[in-house]
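Both complexes below contain subunit A, partnered by subunit B and then by subunit C.
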Partner chain A sequence: MRPLDENETTVVFEKIFKFVGNNLKNIVENPSHEGPEPEPGRYCFRLQKSRVYYVSESLVKRATNISRKSLVSLGTCIGKYTHAGSFHLTIMSLNLLAANAKHKVWLKPTSEMSFLYGNHVLKGGLGRITDSIVPGDGVVVFSMSDVPLGFGIAAKSTQDCRKLDPNGIVVLHQADIGEYLRDEDEL
Partner chain B sequence: MRTTRRESNEIQVDPVDVLPVKTLDGKLHFRTVTKKSKLAEADPEEAEEDVLEDEHILNKSQRRAKAKRVKGGKETRDGSEVKELSAEESFENKKNRLAELGMLLLSDPEANIRSLKEMLDISKDENAKIVKLCLLSVLAVFKDIIPGYRIRLPTDKELEMKVSKEVKKTRFYESTLLKAYKSYLQKLMAFERQSVYNQVANRCICTLLDAKPHFNFRDNLLTAVVRNISSPDEVVRRLCCSTVRSLFSNEGKHGGELTVQAVRLIADQVKSQNCQLHPNSIEVFMSIRFDEDIGKRDREEANKKKFKKNDKRNNQEEQNQVQENERKKSKREMMSKIRDEVNADYKGVTYEPDAMERRKMQTVTLSAVFETYFRILRKTMYSIGESSTEEEDTTLNPGAFGPHPLLAPCLDGLAKFTQQLDLDYIGDLMNYLKKLASSSSVSTNSKKKNSKLLTVSERLRCCLVAFKVMRSNLNALNVDLQDFFVQLYNLLLEYRPGRDSGEVLAESLKIMLCDDRHQDMQKAAAFVKRLSTFALCFGCAESMSALVTVKNLLQRNVKCRNLLENDAGGGSVSGSIAKYQPYATDPNLSGAFASVLWELNLLTKHYHPAISTMAGSISNMNTSQNQTFLSAVTPQQAFADYSLVKESFEPKNESRKLSNKRKREWW
Partner chain C sequence: MDTDMDQIYQTDVGNLLAFNPNHRFPSTPSSREELVKECVTEGTKLVQAIADTLFNFPSTESVDGPLVQLPPPTTKLPREKHLPRPKPPTKWEEFALKKEAKKDKIVSDETTDKFKRRHGYDRVNDDNDIPVIEAKASDEPGEDPFAKRLDDKKKRVGKQEKNRLQNLKTAAKAGALPSHVQLAATALPISGTKTQPQKIGKDALGDVAGLAATSTASGGKFDKKLPGEKPPKKQGKHHKYLPVVPRYGWVDEEKEQTNKVLGKLLSKHSHEILNVGKAINMYNDKKEKKKSGRSDKLKPKKDITKKKPYANKAN
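Let's look at the complex of A and B:
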């Protein structure tokens, strides 16, 4: 386990920035109430076996006692580095992203299952959408009862969405909570 | 002490009515009043000077000077008296002459058209009152004798032709009328510049334009009226605005062309004055009525042109259907033919332009109206943006009407006409509104002047308009205006009862929170919490409107009722935020679920019975049996009912509650 170096930090932050925008500072400076210390510590990012974890400082301190071979995971895994060297956010970062998301999309109950199987979000399945979405933005997908279902990349701006026909793709799928069942081994 | 010298010019006043004055010498002087009171009508300024002077200190030289002031300049008693009478007499004579001429003209205009000239000559008199009377009487005459059609003077060719006596007579009448009208208008324009006659002249112009908007020279009249639409004189301004408004609503009289012109002129004035006009000048736009489907019809036609390419394919399909309905088709054709004939006859009689022209004119009007609105918005944005970069404001001094006088009516107009706006512009409009709404009036640098930044009410209005625009352009896509919610959340903290308008706040609460079909859970909870804290801080009216909104939100979002339970840390529903941030700027990040609505407990002990009962009913919402009804009161109604302006302390709630029997059950 080691902290992230310069390049890695920039890459991770850029990816998260697409989804949360200025709330990034909330993520980085979130006070953590874990641990027996009276003062709240902070959260930090650690790299272990090409996976990036979001952990509170008190936990990190105690995890240093475990050897590298035995340490499986700590805190929340938010993403991993591929063999080629690029970073991808995984579904396990959903809680973190959903709490701080700038761009949100709500799905109608009928199209929830379609998204959970890994398909993209069509306009016909859209219940609500936040204003001022630009193509290429990170979007978090919710159900109508405000349960986060996953996230993706916006394919069209909000204005264009209005003129789209009902079968046009609005959000390109990146990760959804159905993966916990489908890709159990890879997580 | 009476002296004979004084009797010539003064009337003795009975000492019983007016007590005498004792000077330092010890002499008693009795108050006197001059005979010049009658002349006071004709020469108001002179008379005022006379009355104000202390008459009892007159000496010979002053008396002589006074006598000279009287027209004629004779010093003897008889001479001055004769002069006074003749001035008054001439005034009466002139009035009578005016009345005579007026009656003559009204009774038989064609024969007596020359008397118009005489009437106009009277207006060259020196006496201000006479001139005013003359102008008004000529106005009354013109109102009656102007015909219902535009007079077109005969061309040279027509003059050469031999015509019958009658036609000659009519031509003579028309040309004299037109000449007289022209000179009358010129006089009016000249008089308008003089401050003495300003109001009368304006009244004449406005009445003429209002009564006969189809007649010649209406363009000049219109320019004069629009020029005064922002005059600092309130009477003139109100006259002009009401005239313009009646022009807009009575389009039949002038066939719509004046609307276009008036709007264009107003737009030009806004441009030249750099948006420093009185708000009334833009409020007149609200009286314009547009056909609902102007923009849409154009789009449909454009679409039809596109589809003509596919005609061949469609024709075959259509032919099959047509054969079945031949009888119906022939019937339909007959009906449409008859309808066309009727329409053509109708068109020949009325002034109404046909549909195409009307649509063209309305499109031009619409574009001019929106151009003005966007110009105002842009100017407001620039004035805000520049104030943050420059410390010296050389060009942005607020005019006589305040920093952003036109913003409020502009926003109202936008809200009214949004249906006519094309979808492409809505995106731009929303961007502008977002920037306007987020401009705050708090500046860190004390050198900067705050007067140019928007007030809380103006920002609330921006949010309101944004929502109205969005609502009217729904198009099956429900867009969540997050930024405006953030603005509203922060504006709740900045609101101050005396300075900001509570009605705008109540309206924005209603439109943004109560009317929305689906609310984000976190956001709704954040608003519930902040609104209940808000209800604690202000008077009855604001508290009531806030509580009504809270009740509405809690009834709709069942999960928010967690706030009514004492569940530390938010329980299962809250997000990652473990502690409530009362000063958070973003409602989604406030962690409202981690809090409890303890404010309701305090509010149940409020001095006003309605508020305490409302707070009690909200607290019991979870445990009560009957939850199927939604409260019918809107925040605006609540605000209006309980506002201190009315100063009534009667609990009006009871009359409403009696009507709904269910409400009695659970308390």
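Let's look at the complex of A and C:
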């Protein structure tokens, strides 16, 4: 377990910034009340076996008692580094992203299942969409009952969405909560 | 043009080269323009020869048209750098050329009648093994033959060392030494050479110092450095990771690092904070509302055509 170095931190922050924008500040400076200390500690990012975890400092202190080989996971895993060195956000960062998301998309109940199987979001399944979305932005996908389902990258801007035909792709799928069942081994 | 002229031209299709070795000017050209014309006509013939050979090759279809694979070039281009200069033979090599002696590694020992190695541990004719040296007629009384043997050996070793240095000097003069050996050779006292020894650059010197340092057990870290000598450059990847948990009472470097990265990122995207389109729309809406003078559409509209009860002043 070690803290991220500067390049790694920039990469991770860039990826999260796509989804949360300036709320990134809130994520980094979130006060945590987990430990026995009276004043709230901070959350920090730690790297263990090419996975990046979002942990509170008090938890990190206690995790130092576990040897590197036995430590499996700590806090929330937000993503992992691939063999080639690029960083991908995984589904387990959904709670963090959903709480601070800038761009949101709501799905109709009929197309929820399709998204949960790993398909992209088509215009026909779109319920609501926040405006001022630029293609390439990170978007968090919700159901109509405001349950976060996953996240992805916007393929079209909000204006273009209105002109699309119903089978056009609006959001490219990156992660969904169905992965907890499908890719249980890889998480 | 003419097919029999093709054989006269020498073509190297790999280099797209055609050469007419038998060209002769029919008459000395009187003016520059005539010379140019003559050259152009000859050139076109040569180019035609190349084109003919090219079109005779099997071609494959590609996006831009027929594609031909050229054969490897046949013209030999001259060498860019000089051949490596041969080292002058050392004194031993010269001697060995004359005397073709074959030296075995295992030799039979006279005293013990066994086979021992020529050099090293338990060798033939070791100085320490000789129990008795018989006195010869040429020996002076009072002279220690064992000490004499040691002296002789020392002299031989010294002579060999001198020979080695001489070999290095001659090789350095001929320019056939690699840079690190060259450095050792130039440090020798060279007297009477007119040729200036090649100056070795700063980088080469640093490399040589690094090479020498690797021969020490600690990699040259504790070697005495000359005044002005810089410490060796770090080689290879160096990762300095921050401590996992910030040390008690010390500055939290990780926090600083995250804040720095955060600041950079936010400032880079700070131009996106203002949504220009939205701002323009809001501004235009405000302006229109001001113009029409109606702040709220829900307020009852004033009807100008409706006449007031006291308007009729005629009464």
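Simple rule for what comes next: the second predicted complex is superposed on the first by the 187 of 187 C-alpha atoms of A that agree within 3 Å, B and C clash if a C-alpha of one lies under 4 Å from a C-alpha of the other, contacts with A are read in each partner's own complex, and residues count from 1 in each chain.
The rule we apply is simple: a residue touches a chain if its C-beta (ideal position, glycine included) is under 8 Å from a C-beta of that chain, and two chains touch if they have at least 3 such contacts.
This one's a predicted model, so the numbers in the text were calculated from it and none came from an experiment.
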Query - Simultaneous placement of subunit C and subunit B on subunit A, clash or fit - result: clash
Query raised in the report: In the superposed arrangement, does A:143 touch subunit B (first), subunit C (second), both or neither?
Result: neither
Requested in this report: Tell me which partner A:95 touches in the superposition: subunit B (first), subunit C (second), both or neither.
Outcome: first
Query raised in the report: Does the superposition put A:132 against subunit B (first), subunit C (second), both, or neither?
Result: both
Query - subunit B versus subunit C as contact partner of A:76, first or second or both or neither - result: neither
Report task. Once the structures are superposed on A, label A:114 by its partner contacts, choosing first (subunit B), second (subunit C), both or neither. Result -> neither
Query raised in the report: Regarding the shared-chain residue A:58, is it in contact with subunit B (first), subunit C (second), both, or neither?
Result: neither
Query raised in the report: Looking at the overlay, what does A:14 touch: subunit B (first), subunit C (second), both, or neither?
Result: second
Query raised in the report: Who does A:33 touch here: subunit B (first), subunit C (second), both, or neither?
Result: first
Query - Against subunit C, colliding segment of subunit B, chosen among 433-441, 505-513 or 649-657 - result: 433-441
Query raised in the report: Do any residues of subunit A touch both subunit B and subunit C, and if so, which are they?
Result: 132
Requested in this report: Please give the residue numbers of subunit C that touch subunit A in the complex, ascending.
Outcome: 239, 241-246, 254-255, 257-258, 260-262, 264-266, 269, 272-273, 275, 277-278
Report summary line: Within the complex, subunit A is touched by subunit B residues 423, 426-427, 430, 434, 475, 477-483, 518, 520-522, 559, 575-578, 586, 589
Report summary line: So, in the complex, the side of subunit A touching subunit C is made of residues 1-3, 5-6, 9-10, 13-14, 17, 21-22, 24-25, 28, 42, 44-46, 57, 60-61, 64, 132
Report summary line: Residue positions on subunit A within touch of subunit B in the complex are 23, 26, 30, 33, 95-96, 98-100, 102, 104, 106, 123, 126-132, 144, 146, 158-159, 161-163
